[in-house]
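Here it is, the structure, as structure tokens.
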């Protein structure tokens, strides 16, 4: 992409809160400069201009695949794009809306919120986009961090893939010298298993990390987190809810959920037999 | 030459130190934590502290620092200027002073690191004696007493501090504030000795380090690594709080014009996944098993004749998974 | 205080940047700072940290013996951020270098002995320096045997140069052997037909079938992908080589090249080494004493 | 002859929606607003979550009104547990929501709505001809975001505002910086008023509108416990179900809110009109100056009302900071909370109108049941009414013109489809 032509870019959103696009718009001081380096072919949240068929060098996609419409849209984006960058947790692991995946059916969710069984939306269990199409790069966060988007964009303009962070939030706590909330106060901090990059925002404010950047794929030791928090006196349901806030689609967390729910089922059954 | 600083003169000494430069000292920042911070009055300082979470190595190898800024178009780079002038670190413990010597070995003795050197030279270190808690095992590591590596060392005694002088810089401080110091009397010396003896006896935690290097070598395939890896988060805390760990990572950042930018380094940790990763996805320490083993081996090894652990207890105390450094070393030795 | 800042690089202009294969480029650099160039004395097996501003640095072996004060040759394989960026640059562009680092091969120690060079793939790059050095000082060394394992013909580095040695090396008392991994490779097959005594299909250790290697008065020098070492060393040990006369150069992650950043550490408590400063050249004896080295 | 006029995908709005108008001859047969934003079912998955982290999840309903959701959620919990917060917390919350209004309105007024009136597809292309306006907008938006950053912890989905107060009290220095930024950018807010009072605002959507807004108490603001209705009535927010009366309407494709059988509007225009007496300073003066334009019958005037709110909020940020600084910032910690069984309803004025949260808790403070009604869901029926009115007036015009009008109406409401969790599409 070092040739004089500007890279063609599209910014898309599937199901989510729009926060990652908004973070891009929040780059106020350099926004115009930044956008002027691309040929923008689609940016629904900020522009009416669009070229639906145009080929794209880069597609930034936010949001989870939560309906069949999302999926169709995503497939079309994939067809026309050389590179897809998933921005934000929704696009990576489904984010909060995937919290009850495997625990609560879509029908049940429909019934609870709309009081009807009919699936008006052709809903799918919310998932990140890499569950359906090939994704070249993922920028985590709920929402993404401006500094990381910028780093990614400058790298891409340079022609490089940006370096991805794959260490946990605890590292940033230490770099900043924040007292550890887990060790010192016994707060249920998820920092040890969550992808860093936020500069440990929450511990910096005295708040235990709820995991908004998602666990680190193939690395996070979620079973250890459960053990540690159990030891600190939190109950299983509480911990599991917490792990699931942003990790409903994370494999190890799903395994853990299954293990625990089977265990508690077993317990319940044996109670029933007892009585 | 030994001196005594009467307690009531500490305040005045502090004022004297402030004339030398910025003073950094342990400050209580939370229930359990202390941190070396810039202080303006002695009342902010807590010299009774046990340990800070982040060791004072942070003043010499900064957690994050710019190595230089560059401008590709002009083919220029600009080194970052160290503040200049002298700084004072007041209240370092013996383990941390000895820890710094381990880092010196890597950062000064061969291919000196300019930033580190400058900071080292422009810093006055004033040590202070301490009382070990249940995590301290510095005595086992031979790091409970600082023979050198400081400018002044204050040992608490009944009427104030028994002062050892470690360098010319230290001597100068005494000279410039000569009215604050008294000559050490026989009683003072006796008290100092008595305190040292009592401190030596008060250690609750011990680790036998004789032959530790071979013990580690023999434990290469010990089940302790796999077992510990199950509990370990691989979060890097143990490295980042260690006064002798000094691994760093480097990354470049460019501005939007793709011409100007900076090269940054930040503390790294051998417990993190990328530490051993090379091209083609090959990782020399792919799982926490290899990483844990590497860390303990590194800590127990002698590099330039120095042990890479000073027994400060931080890695155990601050480990979110409560992995116990000494326990593991003992297991490796085959101790019950 | 005037300490040189060892972390800041020096600019070098790309004189030549040629594709040798799809992924490897041969790059010639001119060091611009002549003061730096004077100090820049290196021997085969040493490496430099090569940087592209805004992207980063990578350790790259110097792939030729030192001929001229301000000249430096590298072979760079495109595998990631920095190496991609290096590949993008054109003659006239600037690379930033630091070094030379590492111990390099002890060419003096090996004087008067025979040399056995075993290289796999990109591993030929540092060995090319050894070879060039030995050829320029031909009288100082005995027979020279080179075993070079490649994947296929198109992956062969410095093809013209090495083919010439393959065919005509004997004039200079250099025996050059070639192995190739892809049995369906036509060009390699032709080479094999032509010189079945020098070329074989298979991994590089196959070449030990073609050449009877003797340990007497011989130094072995090995470089290749990490998995290669074990197999080559096995062959050498079978032939009773002295572990202290087997040299190999290792790869590890490195950020400084100066023994500070810590990434290249290997070994157990008993013996810890930094590949960048204690190596990258080690003997097999070192490897026996240092756990996890190969 | 049947003719279908369609806005395929609404742009420059948050979320995804489509408008379809069916015309037969000169008669507007059907108006449909389709939402193809996927539902996220917050109210379903929040069940069993412990109250302490409920706002952290619920604020993620929406990015642009994240602080509104978070404050609505927090207030709901505090009401359920009978928590009283300190004066300092109240001022900080007030400051936070003014910051949100600035951030959101600056984005909407200048960058999403204005391009319509100046004939550009977006603010980026507008920048070459109107550099001053675009720059002013970005700076103003930035100032609003500073409030988010400092008080909440980041621009979107901040976390520092908690049940019982703020986890970390901002520094004097950072508040001082916000104050300076506000003072510097007040002119930008006034520019917005100026622009929208001068552009020609179409009248095709003019029709009677019922209005609703929270009663902010003494001063014009965005937090309150009572709802004012344009019929002169005042209701506690706990009555929100009757007020909004969400139900499925046969002829329509959405779950509609209605009050006493007809649609109503929430947002800047209702706020400014219902609380006009509480405006102060420059904003009050500007209101008076443009009073004639600000009629309740033209919803397109919402943008001008937003601009006036911008001016007001900039002033209020400065005022709030002055109060905080003159009282001296106190690190008070969070008020102790004892969870109990029960229910709470809380509301705030999000940039686009009233936002209700309603939770029921078990004795440990875990959610048993939750309900959220967003402003855009409340506005949906009124929006459809406006589309219908406009389509009728423009029925003889070419499609393009109708499409344009529909889009402008939609945008004037500043709809936030992402968070309008209750807009249901019915096949």
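As written, the chains take the letters A, B, C and D, and residue 1 is the first residue of each chain.
Keep in mind that, in the parts below, a residue touches a chain if its C-beta (ideal position, glycine included) is under 8 Å from a C-beta of that chain, and two chains touch if they have at least 3 such contacts.
These numbers were taken from a predicted model, which means no experiment stands behind them.
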Quiz item: Which chains lie in contact with each of chain B and chain D?
Solution: A
Practice problem: Report the chain whose mean Cα position is at the greatest distance from that of chain B. | Solution: D
Quiz prompt | Per-chain Cα centre nearest the global Cα centre, belonging to chain | solution = A
Exercise. Between B-C and A-D, name the chain pair that shares the greater number of C-beta pairs in contact.
Key: A-D
Quiz item: Which whole number of Å gives the spacing of the CA centres of chain B and chain C?
Solution: 39
Self-check item: Interchain centroid distance [CA atoms averaged], chain A/chain D, Å
Solution: 26
Practice problem: Go ahead and note the Å separation of the Cα centroids belonging to chain C and chain D. | Solution: 65
Practice problem: Find the geometric centre of each of chain A and chain C from their Cα atoms only, then give the gap between the two centres in Å, rounded to an integer. | Solution: 43
Quiz item: Where does chain C touch two or more other chains at once, residue-wise?
Solution: 54-55
Practice problem: Enumerate the residues of chain A that touch no fewer than two other chains. | Solution: 154, 158, 163
Practice problem: Send over the residues of chain B in touch with two or more other chains. | Solution: 251, 253-254, 258, 274
Quiz item: Which word fits the touch map of the chains here: line, ring, star, complete or other?
Solution: other
Practice problem: Sort out which chains touch which and give me every pair. | Solution: A-B, A-C, A-D, B-C
Exercise. Would you pull the chain A residues touching chain D in the complex into a rising list?
Key: 13-20, 22-23, 25-26, 28-29, 31-32, 35-36, 40, 43-50, 64, 66-67, 69-70, 95-97, 99-100, 104, 108-110, 112-114, 118, 120-121, 123, 126, 142-143, 201-202, 204-207, 210, 212, 237-238, 241-242, 245
Self-check item: Of chain C, residues touching chain A in the complex
Solution: 54-55, 81, 84-85, 88
Exercise. Using the touch rule from the top, collect the residues of chain A that touch chain C in their complex.
Key: 2, 154-155, 158-161, 163
Quiz item: In their complex, what parts of chain B are in touch with chain A?
Solution: 29-33, 35, 53-54, 58, 63-64, 230-237, 240-241, 251, 253-256, 258, 266-267, 269, 272-274, 288, 317-322
Exercise. Over in the complex, which chain B residues touch chain C? Could you list them?
Key: 67-68, 70, 72, 75, 77, 79, 106-107, 110-115, 117-118, 121, 212-217, 220, 245-254, 258, 261, 263, 265, 268, 270, 274-280, 282, 284, 294, 296-298, 300-301, 303
